[in-house]
Amino acid sequence: MMRGTVLAAVVAAIPFMSQAADEFIIVQSTTSTQNSGLYDAILPRFTQSSGIEVRVVAVGTGQALKNAANCDGDVLLVHAKEAEEQFIADGYGLQRHRVMYNDFVIVGPANGPVDLKNTTTAAEALRAIAQSQTPFASRGDDSGTHKKEQALWSSTDLDPSDQSGTWYRETGSGMGATLNIAVGMDAYALTDRATWLAFENKQNHKIQFEGDPALFNQYGVTLVNPAHCTKVKIEAGAEFINWLLTDGQDAIARHTKDGEQLFFPNAR
Amino acid sequence: MPENNILPFRQSDDPNTRDVIIQAEDLYISRADRNLLSGVSFAITQPGITTLLGPNGAGKSLILRLIAGLMMADSGRLSIVPSISNSLALVFQTPVVLRRSVHANLNHALKIYGTPKSERVGRIAELLVLADLTSLAQTPAKRLSGGEKQRLAMARALAARPKLLLLDEPTASLDPHATAAIERLTRSAAASGTKVILVTHDRMQAERMADDVLLVHRGRIAEHTPATQFFEAPTSEEGRTFLTGQILL
Amino acid sequence: MQDLWGSFQAAFALIVQMDADLAEIVLLSLQVTTAAVLIACLLGFPLGALLAVGRFPGRAILSVLTNATMGLPPVVVGLLVYLMLSQSGPFAVLNLLYTPTAMIIAQVILVTPIVAALTAQVVEDLNVEYDDLLRVMGASRLQTVTTLLWDARASLMTAALAGFGRAFAEVGAVMIVGGNINHVTRVMTTAIALETSKGALALALALGIVLLMISILINASLMALRSSTRTTAHA
C-alpha cells in the first residue's frame, strides 16, 4: 500500500519538473516594480508578442545586484544609478538604459507630531523628524531606496545610524514590510511612490513630504555581461530590453493604480 | 552470537555423557559487586525436557540467556554442540509479537529463517493448526489475548523446527487453560525430537513436564537429578526445602 | 480586527471560487512539499534506524549532527542551496536555481533531519522490545532494520507529518532558491509573503487560512488512513 502511495506521489511530481520548454529569461529586479503590479500589467504583452517568458525575481536592489553578479539572471532592472554603474564598471553588466522614473515620498502618521507642510527640501524634512525624535523606519537593507535615504541623510549633516535602535529603526526588510512596520509604530518612512500607491495597509498614514527634485527615482535596465556570464541569454535579454525602451514605454505609462500613474517612461 | 563462549564440543567416551549437548563449567556473572551466577556447572543431555527450577532471582533466566547467546559469562566455559547452537529458538515470559497479523508474524519468522517462499504458505497453515490460531490468522497480533500471544510465540519458535527450544517462564502470566495449551505444544515439540529447556519457578509444572531437573538457587546449581528421583528423594538440602513448599532463602 | 473578519470572508471566497492562479499555487505547494517529504523519508527512515540500532564509529557525532540540524534556520538552508546552485556555484551546470526542483532540494535538507531524528527515537524504543527476539532469531542487520521500520510505521507516519508541516509552512528557503516567480515557483507561503509586503493583509491572511485548511485536511486524512490500517493490519 505504502509503495503505491509513494509511486503515485512521485508521478504527480514529474510534470512540473519537466516543464519550462519555452524560452525564458530571468530578470533580477527590485521589489517596488513587482509590488506595484507593474510586471503583471506589462509582461503578458511582451510575452505575447515575443514568445519569451519573463521570470521576475523581485528582491532588494542590493540582493538583485549580487544575484546578477553571480550570473543568476539575464537582465537587471533596479533603481540605484551609482550601484548600477559600479556593476557595469566591475564587468558584470553591459550598458545601463534609463527606463522610467517616479519619485520618493516621505510617508508618516496623518496627525503626526512633526509638521512637514512648510518644509521645502527633503533634507529639511528629515532634519525636522530627527529633531523631534519621532520614529523613522529605515529599510536598512542596502536596497535602492535605502541608498537614496542614506544620500538624503548625508545632505543633512546628521548621522541617524548613531540613533539606531532609538527613534531610528532599521527594519532590514523589503519596502512593503518596512511600510507595515512604519504603519504599526506610527513612524515616518521613505518609500517610492509606486509602492506607496499600491500599498493596501495605509491606515492613517499619508504622504507627508514630496516634490523635492532630490527625491527623483530613476529605474535603469542592464543586460548582464556575457563576457562575465557565459550562459546569459543575450538575444532574448536584449529583445526584452529593446521592448522596454520602445513599445513597453506605452505599456508602462498606461499602468495605473486608483487612477494614478505609477511610473513615467523616459527612455527617449 | 558470542562465538568465543560457545566452544566446539568434546565428545566423551564415558557412556554417561555421550548425549551431552550443552556443558557449562564454572560460569560466573557478577553485576555491581553481586554474584548473579557463582560457579555454575552442568551438563544437559538429549533428548527430553530439562527444567531449570528455582525461586525468582535464582539465576535461571540468566543461564537461559547464556545458552541463547544473548549474553556472555564473565568467566567460565559454556560449550554447545554447534548443530544445536545454530538451531535454537527462545520464548519469553512476556510474549513479544510484531505489530502485524498473526499470519504475518509467522511469515516474517520463516523469511528470517530462510524458508523459501513456496514452502512458507503450507508451513504457516501447519503452524496455525498446531497453535490453534487458524481462525485468528488475520488478526493483528497485538490484539490477541495473553494466551493467544504466547501460542503465537510458540508457533513462531517452532517455525524453523529448532533442535533446541528455550522457554523462559512461558506460562508465568497465563491462566490454567492457556498454560495447558503451552504445555501441550511443548510436549509435542519434545516428542518430535526437539530438545526443550524450560525455566520455571512452578514445581507443579516441573513435575508435569520435566525429564530432569536442574535446581538453581542463589546463582548455583543445587542439584541436577532425573525428575522421578527429584520429586521422590531430592539429593540436596535445597531440594528438600523447595519441595516442602518452604521459601528458599 | 476588521482585517481578521475580512480575511475569513476572503478565504471563504477564495476557496469557493478557486481561480486558476490560486489552484496553481496550491498545487505547486503540494507537489513541492510532497516530493520533498517523500525523499526526506526515503533518506530519513533508514538514517534514523541506523542511528538507533547501528554500531559504527561516528554514530554519536552523526546523531548530534542530526539533532542539531533539526533546528536549522530555513534562510540559512536557502542561502546554502542558493550558493550551491547559483551560476557561480559548484552545481551551476544543473541549471536548477529558480526551479521547483531547487525548492525540493532545500526542503529535503530541512525535513530529513526531523524525520531521521524522530525515526531514531521511535525505532530505539521499539528495539528495546524486539532486540532479544530478533537476535535469537538470527536476523541480519538489514532484516532487523526493515522489521523495526515496518513495525514502527504508524509512528513513522507521524514523523513524516511533522516533516510535512515544517516544509509546507516554510517560506525563507523556498523564497531564496525559488525566487517566488509567478507561475513558476510561487507557492502558498511565498505568495503570502508577497501579499503581506503589498500591504494586502486580508488577502495574505486569507491565503494563510487556505494553507491551514489544506494542512488540516491532509493531516486528518492521513490519520484516518492510519487508524484504518490499524484495524485491518496485514502484511
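Chains here go by letter, A, B and C, matching the order in which they are written, and residues are numbered from 1 within each.
As a convention for this text, a contact is a pair of C-beta atoms (placed from the backbone, for glycine too) under 8 Å apart; a residue touches a chain by one contact, two chains touch by 3 or more.
Everything quoted here is computed from the prediction, not taken from an experiment.
If you sketch which chains touch which, the chains link end to end in a single open path, with no loop closing it.
A simple rule picks the central chain: find each chain's mean C-alpha point, then take the one closest to the mean of all protein C-alpha atoms, which gives C.
No other pair of chains has as many C-beta pairs in contact as A-C.
Computed centre separation for the pair chain B/chain C is 47 angstrom, with centres defined by C-alpha atoms. With each centre defined as the average position of its C-alpha atoms, the distance from chain A to chain B rounds to 79 Å.
Between the CA-based centres of chain A and chain C the separation comes to 32 Å, rounded to the whole angstrom. Within chain C, contacts with two or more other chains are made by residues 153. Across the complex, chain B is touched by residues 129-130, 132-139, 143, 147, 150-151, 153-154, 230, 233-235 of chain C. For chain A in complex with chain C, the residues that touch the partner chain are 1-2, 6, 9-10, 12-13, 16-17, 20, 26, 31, 34-35, 39-40, 55-58, 67, 69-72, 174-177, 179-180, 198-202, 229, 231.
Within the complex formed with chain C, the residues of chain B that make contact are 1, 68-70, 88-90, 92, 96, 98-101, 103-104, 107-109, 111-113, 138, 140. On chain C, the positions that touch chain A within their shared complex are 28, 31, 34-35, 38, 86-89, 92, 97-101, 153, 179-182, 184, 194, 196-201, 229.
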